[in-house]
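As written, the chains take the letters A, B, C and D, and residue 1 is the first residue of each chain.
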Amino acid sequence: MNLSGIIAYPITPFSNDNKKVELHKLGAVIDTLLNAKVDAIAALGSAGEAAYLSESEWKQVAEYTVKRVNGRVPVVIGVAELTTEQAINRAEYAYEIGADVIMVSPFSYYKLSESEIFTHYQSISNATPLPIMIYNNPATCGVDMSPKFMLKMVAEIANTCMIKESTGDIQRMHKIYVLSGGKVPFFNGCNHMALEALNAGASGWCTAAPCLIGQQPRKLFESVKAGNNEEAKKLFYKQYEFLEFIVKSGLAAAVKSGFALQGIDMGEPRKPLLPLTDSENTQLKQMLTGLNSLS
Amino acid sequence: MNLSGIIAYPITPFSNDNKKVELHKLGAVIDTLLNAKVDAIAALGSAGEAAYLSESEWKQVAEYTVKRVNGRVPVVIGVAELTTEQAINRAEYAYEIGADVIMVSPFSYYKLSESEIFTHYQSISNATPLPIMIYNNPATCGVDMSPKFMLKMVAEIANTCMIKESTGDIQRMHKIYVLSGGKVPFFNGCNHMALEALNAGASGWCTAAPCLIGQQPRKLFESVKAGNNEEAKKLFYKQYEFLEFIVKSGLAAAVKSGFALQGIDMGEPRKPLLPLTDSENTQLKQMLTGLNSLS
Amino acid sequence: MNLSGIIAYPITPFSNDNKKVELHKLGAVIDTLLNAKVDAIAALGSAGEAAYLSESEWKQVAEYTVKRVNGRVPVVIGVAELTTEQAINRAEYAYEIGADVIMVSPFSYYKLSESEIFTHYQSISNATPLPIMIYNNPATCGVDMSPKFMLKMVAEIANTCMIKESTGDIQRMHKIYVLSGGKVPFFNGCNHMALEALNAGASGWCTAAPCLIGQQPRKLFESVKAGNNEEAKKLFYKQYEFLEFIVKSGLAAAVKSGFALQGIDMGEPRKPLLPLTDSENTQLKQMLTGLNSLS
Amino acid sequence: MNLSGIIAYPITPFSNDNKKVELHKLGAVIDTLLNAKVDAIAALGSAGEAAYLSESEWKQVAEYTVKRVNGRVPVVIGVAELTTEQAINRAEYAYEIGADVIMVSPFSYYKLSESEIFTHYQSISNATPLPIMIYNNPATCGVDMSPKFMLKMVAEIANTCMIKESTGDIQRMHKIYVLSGGKVPFFNGCNHMALEALNAGASGWCTAAPCLIGQQPRKLFESVKAGNNEEAKKLFYKQYEFLEFIVKSGLAAAVKSGFALQGIDMGEPRKPLLPLTDSENTQLKQMLTGLNSLS
């Protein structure tokens, strides 16, 4: 499994009463992403509100995504469960339905020790042959993993072979690069640090942005790869406020509002999450207009 | 509902394969707490590993606790669900089975805005007539609520009438006291700040410590109330390292190990949580011996 | 040297052009403090704007303070110099003029390692027979010293015999108490945590508050010692907003404005420090009126 | 004044008794930097231990630097004084002796408000016609200035025309770029973020590294400008551990030790600063050997 480029994150559309997942609308989101020429689809991440789905909804979304993508690009499935038992259950399911990669983060109530996290990943690895992307996002998961510790897992736990770093601290990427001699692929999970992450050696950028701004993230990726630094800078700063905005206002809420602004109903995020406020909506509208995603 | 004194937190015993809740063992824990003359029992908090239980296990524990306590002291039920819908479901269940209070915290994956938190509490309040203790514990729940915001909820949302503050920042308690004119009861949720919280006006102390050290927390509470400050200081510092230890090593793991050291099998915490390490166990043994809880 | 109770911090009055120290006005401040029955006078701390004085001004203030106090209570002199050489120079001067204690903090531009800090204190200790209060205040000095490290210095460096802790983290005081078996005296340097610090075993409270509110800090100290906890709580919360205010708005600026509100001109703080804004002045006036320090 | 590229920071050599500045040795440092083809020399920054010099030493260093550089590249003089009066004094002196730019940071004991900082810069600007680089380094200066606030000063205070950002937070640079429409030049002050800062639009890199590794920083700068991203990445990661090391172990100590490893005696840093430990020296030796600066 050799991921690189733009790893795109679909949202999970809900019905108007907030109670059901609307799979056909998810299909439209996936089509939007494939039209934006993304390199992989990662379902059930933060943007997909995985933490807010029931087990059966989660499984529906996973299965539907794999079927809809239908091998056109690799499918990554996020696994962020509170118990190891549930995480194994989801990992096994991802394998069964034909996903290509699982992205595992130690979502947690209690702070976990490194030995607890290690055992968690080890148990999941034992249960599935799928490649595992180790995903560090303390802001949502409540647990922080150092580059050194993640690389230890990559070295010692079968199937763990890449890292998604979402702290927004560029030094973490430097550490991953230096400590692994540049050999362990890492991905950027902090939208508004994409330019620098790519320059620092990230293999790709994990982002929900293509849901709303199409190929613009991909063009940034390509400019960096081509050494067109002035163009890359220009493309990045053009997207910058939008990228910062969707992180700060909440990915699911922001992307769903962005679809609504285009006249596409994806429902609201699941409570306690709320849709964007009116003033946030106005900001988003301006940004999307500036980015030619709204006319 | 006029809570004060020692609000005690039982652990949730599991079977040896980590898969089932052992209710009769939970009964023994509750008896231990009642023998320690605690003023209330709070099930399904952090110590009770509520976040790691299935819905049906959660309901079993809640129901069993109310029955076992049988009115001898008030029963508080913790509600810390990721979705508002599930939180309402649990709150309704707590009422049905005859609990006295619910303790609600905004456990979260996404950071929540104040308006999301407010709506979450409002929705729960609409669904149950039970008194609500607002519980702030950013270290586990991932969301921090300021004293000002919590008091706003107390003022505007029916049934919200007291606060449990677990940040360990004594200034939060000062703010609650000053901003409410001393009128909104607050409880200390930071074990190793109990002495100061009580002196600053906390109505009580929420703690799992009586599981292992019996009446010693209660004696500290009484010394402070009686103005025996030298004795209070002595009692507090005697317990201090133990109190800090159970927080830092994880309440559930520490209390379960403490029972095991007394020859009482409560199972292990649920994975990814692990039992104490050998060296932690040795430390705990020394502390419990010093506190006369082990001979 | 057995300090306890209220250690009071005079401000340093300046002339109207901000260029000269007004020693006779400093005399009036010292008289105010002695009338408030404080247990010691500590010149050249934060409140005294020591960092903003030239060497010769610093020496004038030190000498004048010792003479004016004239043995009625002990005099503590703050030493917070950027170079070890200057710190020794000030420590020697403090001894020469007859001060009783020096309070030494590692004011710093570069972060200092523990070994750099240790050597700094050792060098000062070698240069003077005066008792040394180790003063930890990372918010102003830029260097944080752990309880464990400070106690190591107390154990290994002659003359270092007490600690002033100003982080506002009550756990630091617990650590000092527990790690030293209650034997190393510590003082509270965080005004709005005075109640709890005294309950946790602080020997005294280092504060500029008596400049403006006379004996009220002393009464709080006495209530705690007498076990009058309800009264202590009442006294503390009465002063609370004032104590928090003078810290947050800057001790020197706040105290000078407080004197001005009483019609006593102490000049302005030294630039870049500015006097309170109009709205802060209004707040201060209300607080002082509520505390009966303004009629 | 159009600064760009590598702004190099000389250390300040002391005599063996730590008491005097050795100007002829400073001359050798400056020559080393000019041989490394740096674009400007910035005296009296952190690396130059400016905070640890007496006023007359400071003036000697400033004057000597201007003379020695003798117009070959622009000379920047750091001004980081505790009082506004002293800062003005130094700024005036820098102008008198013919420096080209002053780099002003609000070194502070008390936390300063934005209005205090603004007034400080305004007063300095009033006293000198020299261009002012606003320098933000909260780790050493104790005061943090937001991009928005610094840009407000650039807009409203004459002579303030560029920014040096040393927090190590790449988002600060994004903000400066976006909020100023790319029009206010900013410089990177965080050595181990140089690659990304340059890609994000920094005009140059402020660094003491050329003291020890010659033209390697310049080559990195040039690769980025030329769009040779693979080469830039390679050059950056080759220097990375060294760059991180000199920041973490203290610039002055590390650079002086690096000279000593080459057989060039620059004295020790001024106490309380200490030279590198033996183990740090060994690390540095290995790194410099790997970078071909030691054979």
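In this section, a contact is a pair of C-beta atoms (placed from the backbone, for glycine too) under 8 Å apart; a residue touches a chain by one contact, two chains touch by 3 or more.
Keep in mind that what you see is a predicted model, and the values were worked out from it rather than measured.
Colleague: Among all the other chains, which ones are in touch with both subunit A and subunit D?
Modeller: Chains touching both subunit A and subunit D: none.
Colleague: Report the chain whose mean Cα position is at the greatest distance from that of subunit B.
Modeller: D
Colleague: Using mean C-alpha positions as chain centres, tell me how far subunit B is from subunit D in Å, no decimals.
Modeller: 51
Colleague: Quick check: how many Å separate the C-alpha centres of subunit B and subunit C?
Modeller: 39
Colleague: Rounded to the nearest whole Å, what is the centre-to-centre distance of subunit A and subunit B, using the mean of the C-alpha atoms as each centre?
Modeller: Chain centres of subunit A and subunit B, defined by C-alpha means, are spaced 35 Å apart.
Colleague: Would you pick out the residues of subunit A that each touch at least 2 other chains?
Modeller: If we look for residues of subunit A contacting two or more partner chains, we find none.
Colleague: Spell out all pairs of chains that touch, sorted by label.
Modeller: A-B, A-D, B-C, C-D
Colleague: Any idea which subunit D residues touch subunit A in the complex?
Modeller: Per the touch definition, subunit D meets subunit A at residues 168, 170-171, 174, 177-178, 182, 192-193, 195-196, 199-201, 224-229, 232-233, 237, 240-241, 244.
Colleague: Flag every residue of subunit D that touches subunit C in the complex, lowest number first.
Modeller: Residues 18-19, 46, 51-52, 80, 82-85, 106-113, 115-117, 119-120, 123, 139-142, 250, 252, 270-274, 277.
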